[in-house]
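Some structures to go through are shown next.
In what comes next, subunit A is part of two complexes: it sits with subunit B in the first one and with subunit C in the second one.
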Partner chain A sequence: MEVELKDMIEDLESLKQSLSDPSLHSSIDKLRLRVENLTNMAKSVPVRRSKVKDMSAEVVDSNPYSRLMALQRMGIVKNYERIREFSVAIVGVGGVGSVAAEMLTRCGIGRLLLYDYDKVELANMNRLFFRPEQVGMTKTDAAVQTLSDINPDVVLESYTLNITTVQGFDTFMSSLRNKSFCPSKEGTGVDLVLSCVDNYEARMAVNQACNELNQTWMESGVSEDAVSGHIQLLIPGETACFACAPPLVVASGVDERTLKREGVCAASLPTTMGVVAGLLVQNTLKFLLNFGYVSPYLGYNSLKDYFPTMAMKPNPQCSNAACLERQEEYILAKPARDAAAKAKMEAEALSATECQLHADNEWNISIVDDSEQDRMDGTSADALPEGLTRELPSADEFQKSSVPGSTDTSVDDLEILRRQLDALNAD
Partner chain B sequence: MEGWDPNTKSTLTQIPLLTTKAGPRDGAAWTQRLKEEYKALIAYTQMNKSNDNDWFRISACNPEGTRWTGKCWYVHNLLKYEFDLQFDIPVTYPSTAPEIELPQLDGKTQKMYRGGKICLTVHFKPLWAKNWFSLNHVMKHIAIVITYYALCPRFGIAHALCLGLAPWLAAEVPVLVDSGMIKHKDDVSSSSES
Partner chain C sequence: MEVELKDMIEDLESLKQSLSDPSLHSSIDKLRLRVENLTNMAKSVPVRRSKVKDMSAEVVDSNPYSRLMALQRMGIVKNYERIREFSVAIVGVGGVGSVAAEMLTRCGIGRLLLYDYDKVELANMNRLFFRPEQVGMTKTDAAVQTLSDINPDVVLESYTLNITTVQGFDTFMSSLRNKSFCPSKEGTGVDLVLSCVDNYEARMAVNQACNELNQTWMESGVSEDAVSGHIQLLIPGETACFACAPPLVVASGVDERTLKREGVCAASLPTTMGVVAGLLVQNTLKFLLNFGYVSPYLGYNSLKDYFPTMAMKPNPQCSNAACLERQEEYILAKPARDAAAKAKMEAEALSATECQLHADNEWNISIVDDSEQDRMDGTSADALPEGLTRELPSADEFQKSSVPGSTDTSVDDLEILRRQLDALNAD
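This part shows the complex of A and B:
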């Protein structure tokens, strides 16, 4: 194409020369300018960067990881490069999931597994990530297209399926179990599952899978009115699972009676979704790369800029059988945990006496020990911090007021029952 | 219970409750649950027939009983409007409810998800308004019937049809017909096939 455009410029030049009427020269010059513009555009066709074998800390413009590796030099992260060993599964590639996927891709995560059954629509364009020309593509395909362009080093796997169906769930489980990316890893084939779905059924399906696989995961959500959201860390057996208690939601702080809920279309804002995705991936990075404090629950109320936190212990009466199994295992492992914690504390005490840092505190900043341990152990399922409410009522009125279950029917053969219903259906 | 119309309420209390809390991943317990589902559906269908209020057909279309298809209909201005009906039993059933789908109505009403999944919020709102602790919920509209399930695994498919689909049809079909979004099949054949 470039050659053809060059020929065209030459043709225009000779045409200009052959013309005796100089009044036509300006329009030929205009034409020439347009061809030159086209030539420049043809030259700037996007180029894909090639894969990078090792993450380098070298500070040059061409190094995609220099700013990330600087975290190491500043002492925030001990070994940033480990990020390439991690696999993260993102369930739901919508307003939160797609942005979380982009953030992790730009951070150079080792492998991303993406799950969604939906297609990109124009109605999604008020959110980040997807582009209008991707309308009609599956969200997983469109995401892989963009993400592999941004960072070809990330191994991307996409699953276009609905995890709440029996078949989709089986594929979901086996994809999490697959350890071919990092065979030496303990447990499943992924380090963390991020739930970025927008409905209760899908959250319960993620919860079921993670409880069965003993897989740590993080849940995220944005309210229907688009002004609040939350993230939550769920460690099977150790923290409350999603079925242990009604989901926690951040109260908006406005009078609920004035909230308009007519119509059925949920609102969404790129801002709230971006903030929640950011909180989610920040917690993910801290969890994976072992720095800072990993929040067990962090709410976001955008109307009041309020960020409640809390932790929840598992419910010994949880309705999820796999959750109860994990709880039992966690209790059995307590002596080993205590021993490890004691050894860690002793090691830390030793290093603390060796170096009394930050003696001159110019800004008078004090590091407050907010006794995380108390918060972890002390929060009963009933006491909630200000600004948090339970999503569901806690009692079932219907069960009390209705007739007892019928076990009177004498027939107890599935095939006979099926035929009975068929017979009723036939007339 | 307040908030439902008296008819739905009295019908509901006559559908046998289920005793086995089990989903498709629970092996033999799911077979037991399936038997109870059939018993409830048989009782509900019989009740509808004897009350001259027969309004749906439903049967499992796979041996595992996780996919169901059938038909439902609603009479408006003496004309019968019939729709295909389908749903999957979710893996986490009965903690989560099946999402009932009417694929022919996909895109015809706002109160439906893509794929024709019906949206139940509007019809259950009165009941839940009192108990709903926060309106800022992260879930979508179908949440209300689902949350009911979460608390009451003794409800089965028959209850979902009675509580979910029946009031939905009663509220939405007249609107869809009056606004011209759906036409009676006789109208359709006479106008479009001529």
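This part shows the complex of A and C:
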């Protein structure tokens, strides 16, 4: 628009010069003023933020990464900037996938691959992310528009396709294999696949692709009544694949499209989907940046605010051939894994001894133990700056002692535990 | 902009008529064409969706409420459209408050009151909601801009003020008292206050206002290390107020502004804040629309995916005078509460008997039991349409039986329960 306005000023100037009657010059000047006003109006249309070369921890209002880099000073993450090296694929850009994409974009993920074949509808407006003016656009196009405005540093790749078709599946597979973003990376070209689809068929397609490619992925889902959801980590060969166990999200015997055609639609809420997206991306950050405990399965029952957890081993009778291959490889690699674990333990023991030897520590050099147990229990508690205390007790503290300010909790807990024990013993 | 372009066309026409030299007419026509092109460009700027008079459950792509009204057919909510009668005040439009406001807006809440004094900065971009082009705007203005585009049906009131100043507190109080939106409402003009502020002083101001007005509210918070958070329900006189118990979010002895000035900033993540906002608004929906269990306190420890719960009674030695008044009123109202509860139980018993008497039920009239226990355990499970099954077992089922598909879970559970019992017995 600015180019057109500039051209118009030039046209007005040349017209003015060709006018013989000077009394008409004022009309031209008036028109020129109008165009200048319009130019100013057009300029007030938002400009995008420029790219940021390096993530800085500097605390200034203009730094979009200051609050993320602060995770290092707070002792939560060792090297936050590594996030720029990672590629995450998000399959399904709906109520969960779009919010997951926005969270990863705002966290400054290196590269996002987005897959969806659907268009934005007004019926999607009860969930976060899409805006009414995007109705009619493909979800991938609308997502790229919004996400590139939010953070131009993220490399966005979008695929408007259905992964359950033969051609869509092939493109999906080759896009995951493409290693041009980080040629030195082992395995595929992506670090994690997030499944945010809403049907069984698409989940089975993601499962097939990830089993074939030996690709770690996370599953997510929200129930048809909108009030429960879950996330699940799937490592081919090591954990149950989606075909190993009867799926946890079931629309038994009824096709979703049939439901829709008959004028029945599933319910959805921005709350449940926002919580599931948040838990999914939090698990993703923990997995990629190596902090906290990566949950193998986490459920969310919002009616009771109840969060079940569990872990599932692969099924040796799984119907998926690629899963069986990965299981075999995992078993064969056991001696190597054991040796690596032993070497790591020995190295850590040595570090601990060295720490003892240099107890005065003149240069204030500390050797940080990165074993999982320590990351979970110790590091972050010790690393808070002076004056700040932790908001919640750690799970261990909480379970060991009774709840402060509530005298009868331990009695209730005992009663609940006794009933649970009885139920388990009765099996 | 369209008005200016229309004026310009008129100016060009009158100029054309005053030109004696017809050879210059083509220059004017060329300019006119340019203005017409600009008019078309200006028109392609997104138009907002129109208001919707009544919430419809019709399953068409153009219905922004179809997936919410489906909560009724799924048996989760009895009357979803009641949401249009409610007013919710959100204090603090930051990482949690802005997302909570967006969720309530997309759910079609009747009226939202927003309070914040801060401006949008690039440093906020690591959390959801605000966009880089809004940098420099007040958070309230930017929020109203985004929210009114998303859902023009919601009545938005914004207050750019600091509630911890004397004048700000007065305006806050009178805005809560204003009953013009729903004059028949008992108590104040709002149904719930959500505190989404990031400091102790502001929380104490919300606490003071709600104790004085006998206003139910919910507290929320995220820890400085960005990896924990909580929500809490506060009913003056009935539960602990914010001054009754030592606050759970503590920056002990250190002022946040001091921290910021010294070049230290707290960490934040879109994930944790998104989860806390989701849990907060889910609790709000359960509270307003009368379904599920409204949590008195729910914590979120993201490093361990651990969600502590508890309930706190008011402190008879609370330092807040208004809290003590509400406590006294609550105790005095006990006989009336007991009588009401008894009458309700008797009415329910009568309904049950009547149901038995008319077992054939020719007109298919059902008397639904709205006691809390039934809402929590029964209704929704029975009400799912044929062919749909629940994603997660209810908490009761889950605790009674072992996890399906995981053969060694019961042994692990037994071991965990035994250790928890030992820990509790050791107290």
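The definition used in the following text is that the second predicted complex is superposed on the first by the 285 of 427 C-alpha atoms of A that agree within 3 Å, B and C clash if a C-alpha of one lies under 4 Å from a C-alpha of the other, contacts with A are read in each partner's own complex, and residues count from 1 in each chain.
The rule is short, and it goes like this: a residue touches a chain if its C-beta (ideal position, glycine included) is under 8 Å from a C-beta of that chain, and two chains touch if they have at least 3 such contacts.
From a predicted model like this one, the values you see are computed outputs, not experimental measurements.
Undergrad: Which partner chains sit in contact with A:A243 here, subunit B, subunit C, both or neither? Use first/second/both/neither.
TA: So A:A243 only meets subunit B here.
Undergrad: Quick one: is A:A266 in contact with subunit B, with subunit C, with both, or with neither? Answer first, second, both or neither.
TA: both
Undergrad: Taking the superposition on A as described, I'd like to know which of subunit B and subunit C A:S223 touches: first, second, both or neither.
TA: A:S223 contacts both subunit B and subunit C.
Undergrad: Between subunit B and subunit C, pick out the one touching the greater number of residues of subunit A.
TA: More residues of subunit A are touched by C.
Undergrad: According to the stated criteria, A:A101 is in contact with first (subunit B), second (subunit C), both, or neither; which is it?
TA: Neither partner.
Undergrad: Looking at the overlay, what does A:E4 touch: subunit B (first), subunit C (second), both, or neither?
TA: second
Undergrad: Under the stated touch criterion, which partner chain does A:Q208 make contact with: subunit B (first), subunit C (second), both, or neither?
TA: first
Undergrad: Touching A:I90 in the superposition: subunit B (first), subunit C (second), both, neither?
TA: neither
Undergrad: Considering only touches as defined above, state whether A:T165 meets subunit B (first), subunit C (second), both or neither.
TA: first
Undergrad: Which residues form the common part of the subunit A surface touched by subunit B and by subunit C?
TA: Residues 221-225, 227-230, 246, 249-252, 259, 263-266, 389-393, 395, 398-399, 401-403, 405-406, 409, 413-414, 417-418, 420-421, 424-425 of subunit A touch both subunit B and subunit C.
Undergrad: Please give the residue numbers of subunit B that touch subunit A in the complex, ascending.
TA: Subunit B reaches subunit A through residues 1, 12-14, 16-19, 21, 24-25, 31, 34-35, 38-43, 45-46, 49, 57-60, 64, 66, 70, 88-92, 95-97, 99, 110-111, 114, 119, 121-122, 125, 131-143, 146-148, 150-154.
Undergrad: Which bits of subunit A are touching subunit B when the two form their complex?
TA: Touching subunit B: residues 118, 163-166, 169, 198-201, 204-205, 207-208, 221-225, 227-230, 243, 246-247, 249-252, 256, 259, 261, 263-266, 319-320, 389-393, 395-399, 401-407, 409, 411-414, 417-418, 420-422, 424-425 of subunit A.
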